[in-house]
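Structures given as structure tokens follow.
You will see chain A twice below: alongside chain B first, and alongside chain C after that.
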Partner chain A sequence: MSELSAQLPAAKPKLQLARFRDLALVPAILVLLVVGFIVSPIFLTAGNLLDVVQQQTELGLVVLAEALILIAGRIDLSLESTVGFAPALAVALIVPASSHGLGVGLPEWTAIPLCLLIGALIGLVNGALILKLRLSGFVVTLGMLITIRGVQLGATGGQNLFDLPASVSYLGSATWLGLPASVWITGLLFAVGIVVLGFFRQGRALYAIGGNSDAARAAGIRVDRVVWTVLVLGGVLAALAGLLMAGRLGSVAAAQGQNMIFTTFAAAVIGGVSLNGGKGTLFGALCGVLMLGLVQNILTLAHVSPFWYGAINGGIILVALMLSRLTTGKAQD
Partner chain B sequence: MTQPAAQARDISKRFGRTLALDGVGITVAEGSTHALVGRNGAGKSTLVSVLTGLNRPDSGQVSFGGEPAPPVEDREAWRRRVACVYQKSTIIPTLTVAENLFINRQALGGGSLISWPRLRRRAAELLDEYAVAVDPAAMAADLTVEQRQLVEIARALSFGTRFIILDEPTAQLDGPAIERLFARMSSLREGGVTFLFISHHLQEIFEICQEVTVFRDARHILTSPVRGLSKEDLVEAMTGEASGLRTEGNRSPVAENSTPVLKVSGLGLPGQFQEVDLAIRPGEVVGIAGSASSGKVALGEAIVGLRKPVHGEVQVSGRRLRPGSVPAALAGGIGFVPQDRHKEGLVAGLSVAENATLPIAHKLGRFGAISPGRRRAVAESMITDLAIKTAGPEQDVAGLSGGNQQKVVMARALADQPSVLVLIDPTAGVDVRSKENLLDAVDRAAGSGTGVLVISDELDDLRPCDRVLVMWHGAVAAEFAAGWTDGELVGAIEGIGESSE
Partner chain C sequence: MKRSILTVAVCVALAGALAACNRGTDAATGGGAGPVGIDLPRADSDFWNSYAKYVPQQAKDLGINLMPPTNSQNNVNTLVSNVQTLTNQGAKAVVMAPQDTGAITTTLDRLNQKKIPVITVDTRPDKGGAYMVVRADNKAYGEKACKYLGEQLKGKGKVVEFEGDLSSINGRDRSQAFGDCMKQNYPGITVFAEPTNWEGGKASAALQTDLTANPDINGIYMQAGGVFLAPTLQLLKSTNHLFPAGDPRHITIISNDGIPQEFEAIKQGQIDATVSQPADLYAKWALYYAKAAVEGKSFKPGATDHGSTIVDVGSGQLEDQLPAPLVTKDNVGDSSLWGNQIGK
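And now, the complex of A and B:
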């Protein structure tokens, strides 16, 4: 079979490029650090950088959730309203009616588990509609996005919930070993995610399903069960993001999480996660999150009018996509 | 008497109102290569899904080596008994070859943590064992069809399977790659591996198989040793008609001095083909043969505007076409059948009528509106002309068999009475009867004065051609007038001057 050897694909350089793709944002982040330093001396202080990281933890968790779902070849738009709805409902079930609660009066300690459970339930319902009724994931989660956002507005009458249970406030303000709790939580979850997706059969199953779900099924992977689990996990992570945000801001705003999904997709795609499934890493997604946070921070320090943020962020997304097209040489899908 | 490697008895399977298998059976002897043939819709795919445990039969039994098949839930047990290399890849393109080989068992039995170096090493050993020269670190998306099949076969063998189903493995391979696949199958067979081989190419069955089973209309028709069976008998069993092989068309000879309807001069696309000159007169049928690397498909795509040539020009009826523009080619009078009907030929979800009339939609009504009545009438005449088997013009094309889908693509190519017809692999993956319908349509088009260019490796496609050009590494290397022998043409295609058989 010597004639076969002549047909080997030029695999080596491609593989190196693929690896390079994961680290592609590292130089960009370094450049941003230099730019930031030039713009303002405050930028490269530990306090400022920590602020950046902390502010990005909530987005980071939602991106983590969305990246898992995208890698498995699915999409979930409803994550952003879960960020608002899950903590809002949990808090409303606890606080008295005088604080815009529902008057159910559940004990205070239930706040965190309750919130995560609500996130899980939303993922569960999404999964049932997508996998059991075989509905389009895009439309199902779009419907869910609008519905639960509407329920939250309707139930609270557009009011913010201020009277947070102590456990939620604690999560948003506590410092563990010199770092905010939210940074620990998000960092830890990303680390677990990177290890599971890189080194466990269960994690690799997401790539297999996103790459070719029929082949994954033929290989004995329980495709529907894995996808459903990922959707539920996504809901839980989004609910956790909502808890951190509520704790940090001291209230659950009626519009909490609104428009977050756009930034989420931007960070994931900049980080190299393919919207077609099967491609991308959590490390790349994390870099995407950090990059957006640094840009935001630099713009603030440079006293750029906030009215320009949207235009600049959008431009960065487009430039990042063009750069990744140039570095990988592959048509974007 | 050893037990058969695989046996199915009295299998029936019904999907909704269609009876896909009607009490069929097959017995594949240990260590043999057994062919399963039948026209599209005969029930081959359903039998494969039953034999691989992906579908539970409504009645009947499957056994492997004399033991009853495991329950369909136990995928692992099935995978140890039978493997199938499908036409549709079961390789995950976004993962490496190594990970594909050990998909869903990446940890290799050593706990649950994956060791990537160990995985790559084991993959390299496995590929070595079966002499598959593929880099385990390569991305599966970068493999050729041939390499992908070899990886799938190696993966199947790594489960301990000694019974492998190959579902039309040669459909997407060129001549030399088919020869290599057959050599490999022979050596594996000597090592005790049993194959069930599905193909539309009857010649291949005579070349590689010992026994053949024919299905027709969901029923078992015939099982016989290949030796002593004639090609005509086989075609008769498949079609149920004695006539079988196609009679040559009797077109009148082409006028020697008529002006060419298609003129290609100095056409070149670096890396694909260079300096190609070609002239086709009205009513002439010209074939272009060549291996996958010959550039023949790229040439066809450049003529119809799917690719933009860098040098040279294409003229239709004396008018130069704008290069790289499909609308210009269509307006200039070219009709074409693209290589991949799923990718470029059909819009799944649209009806037969809509697909067939896409290029002439502007002629079906005024001011851009489409008159459904006229579309229906045009589509109905196309359905009759090409004998398209469909519930009606309104049926979704996705529901048609492969052969009938290809007829819709052909109908579309013919819709505008083109003066030039370019056909790329027009009968790929199509059953015998549909192939005849398609080639008859080519004959009729040529008879009415259309110049036809047939780009194919299929000898049956090339046989009706007035002359056949053979391309080799991007240039026309030889030309044969009608009446060539299979041996000399195949020899020229493979660049060895002599027949390889």
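And now, the complex of A and C:
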């Protein structure tokens, strides 16, 4: 852990505090666990905590994607539309027209590869527009967000897709060795991400690019190629999140993923990933995801008034942020 | 030089576009009563897509000159600008379904100043000012659901309720009626009201948590089958809570909407009942009142000739409250239900 953090760009001499940067949320999570235990005896049971983790897997994958992109100094808003569009198009290409499909009738096994491919293509186009045409990443991905959401509505006629291919519903609801498959997948991908970003040249390159892309280029990093790869990877991860969500909810809703990007940024930034690039860790982002999930779970268990739900939800997040600031003394940006 | 050519080209293009707009106005004042402008609230729900299909059909039957519908994508700003466009194109009456019932007030005021009558479908503007409101009695949805669950569960148990968006009148009406009725008639039933903003994912997460905390939950009320049905069934299936009606472990489920998938689930015994929200009647009577408004007719509170009641809901705002039938295993095959008419 110390090896990893020591390589982070540290602006201030207080290096020993910066070491704990990615543990910043741990105290807040511990407090939440205590609060949850007081609220309901069910809270600290394995079953309930597993529910929380499973419900957060899709958000987790999107946050993983966004954190990678943010660390590399870019931004991708279109991820939330990919979450809906990629599985919707893949499913529509397979199911018959009577189930609101497109009537193409591709074989069922293509569902998952097709979905991931669509995600990759979206990332590829984003990359081409941002890196080759030199357009602003914010606006390009905002345009992409609106466009593919619109294409999804157009292609499916606004209908929810109820008849999912078996492989799609399997992934979102299967259990492997006692844990939901989606938990394994998300956990594994985070582990790979943490290792690559911490110890591999390719992963360290993201920090270099996000910190100062000119310096990175001067140091011999092929900046454009790395960024493009990250954008494509982000699209694939978002598509995978969409697959898991479709499987868990038993349908692809026409609005699947809508407004998810706000929660995504919230989780990433709470977890210590900087919007300015070059800072933050995937472990921190994962903590952010888990924290948001715990807050929601506690509010459900406490049966707070639906009218005050949003206010209390936001309030707890703010308090948790302050708590992490106080316990680590590290400024957040 | 190059620049001035470009300027000229742009001007010519703009002039052409403007001329095209003017032609549009002329065309809209063709035969039939009207023209009547209509805005559809959203394109991503099965219910509203069915409504959209009924609209041109009913307009033809009623002899209405209908302008091409606009769609406000569940956004009140878009709705406001759509309505402006429709009136600029010469609409003599406007049919809309504002999902945000507060923010539409100023638009209604402006239309009233221009003497353009407005018919709202499904929702009632918070401040009134519409020529007629056409909606099913949403309080009755909540009550029907409460009574059905109360009777089926014999007044005992734990019920999860997926509430719609509480900033919309329909979400509020259903939640309030359901909650009040439960409190009054079935004090033995505990209600877990879950806020969902009409999002299936939120409902699924809340239900999963509730089921873990209270494995003895025996009833679910979902305020919109279109968004909650598939997530609920999928979750019950994966957590081993899905048993057919009749099994002692069965969770009694009542829904609102009346889409074909709900009927299918009722036939299979996965859910027990739904309140069918009349998409066809919405289209029919909204356009009927639009035509009547253009022709200068006026209405009074009281029973109508189509099995509904016109109610004065306050400060002269009239509302035609259409009946919404309860669909159970016994009448799920009834071909007069709109969910049975559109096929899957």
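Following the convention adopted for this analysis, the second predicted complex is superposed on the first by the 294 of 333 C-alpha atoms of A that agree within 3 Å, B and C clash if a C-alpha of one lies under 4 Å from a C-alpha of the other, contacts with A are read in each partner's own complex, and residues count from 1 in each chain.
Following the convention adopted for this analysis, contacts are C-beta pairs under 8 Å (C-beta built on N, C-alpha and C of every residue); 3 or more make two chains touch, one makes a residue touch a chain.
Since the structure is predicted, the reported quantities are computational estimates derived from the model, not experimental observations.
By the touch criterion stated above, A:F37 is placed in contact with neither chain B nor chain C.
Applying the stated contact rule after C-alpha superposition, one finds that A:Y170 touches neither chain B nor chain C.
Contacts of A:N48 after superposition: chain C is touched, whereas chain B is not reached.
When the two complexes are overlaid on their common chain A, residue A:F138 makes contact with neither chain B nor chain C. Touch criterion met: A:N160 reaches chain C, while chain B stays clear of it.
In the superposed pair of complexes, A:S99 makes contact with chain C only, with no contact to chain B. By the document's definition of touching, of the two partners only chain B reaches A:A215; chain C does not. Contacts of A:A205 after superposition: chain B is touched, whereas chain C is not reached.
With the contact threshold set out at the top, not one residue of chain A is in contact with chain B in one structure and with chain C in the other.
Across the interface of their complex, chain B is touched by residues 1, 3-5, 7-12, 14-15, 18, 198-201, 204-205, 207-208, 210-212, 214-216, 218-221, 274, 278-279 of chain A. Residues of chain C that touch chain A in their complex: 42-46, 48-49, 163, 166, 175, 192-195, 199-201, 204-206, 208-210, 212-213, 226-227, 230-231, 233-235, 237-238, 261, 344.
Interface of chain A with chain C (complex): residues 40, 42, 45, 47-48, 51-52, 54-55, 98-99, 153, 157-160, 162, 169, 172-173, 245, 247-251, 253-256, 258, 296-297, 300-301, 303, 306-307, 309-310.
Listed in rising order, the residues of chain B touching chain A in the complex are 54, 75-76, 79, 88-96, 99, 103-107, 112-114, 116, 131-135, 137-139, 142-144, 146-147, 150, 176, 180, 183-184.
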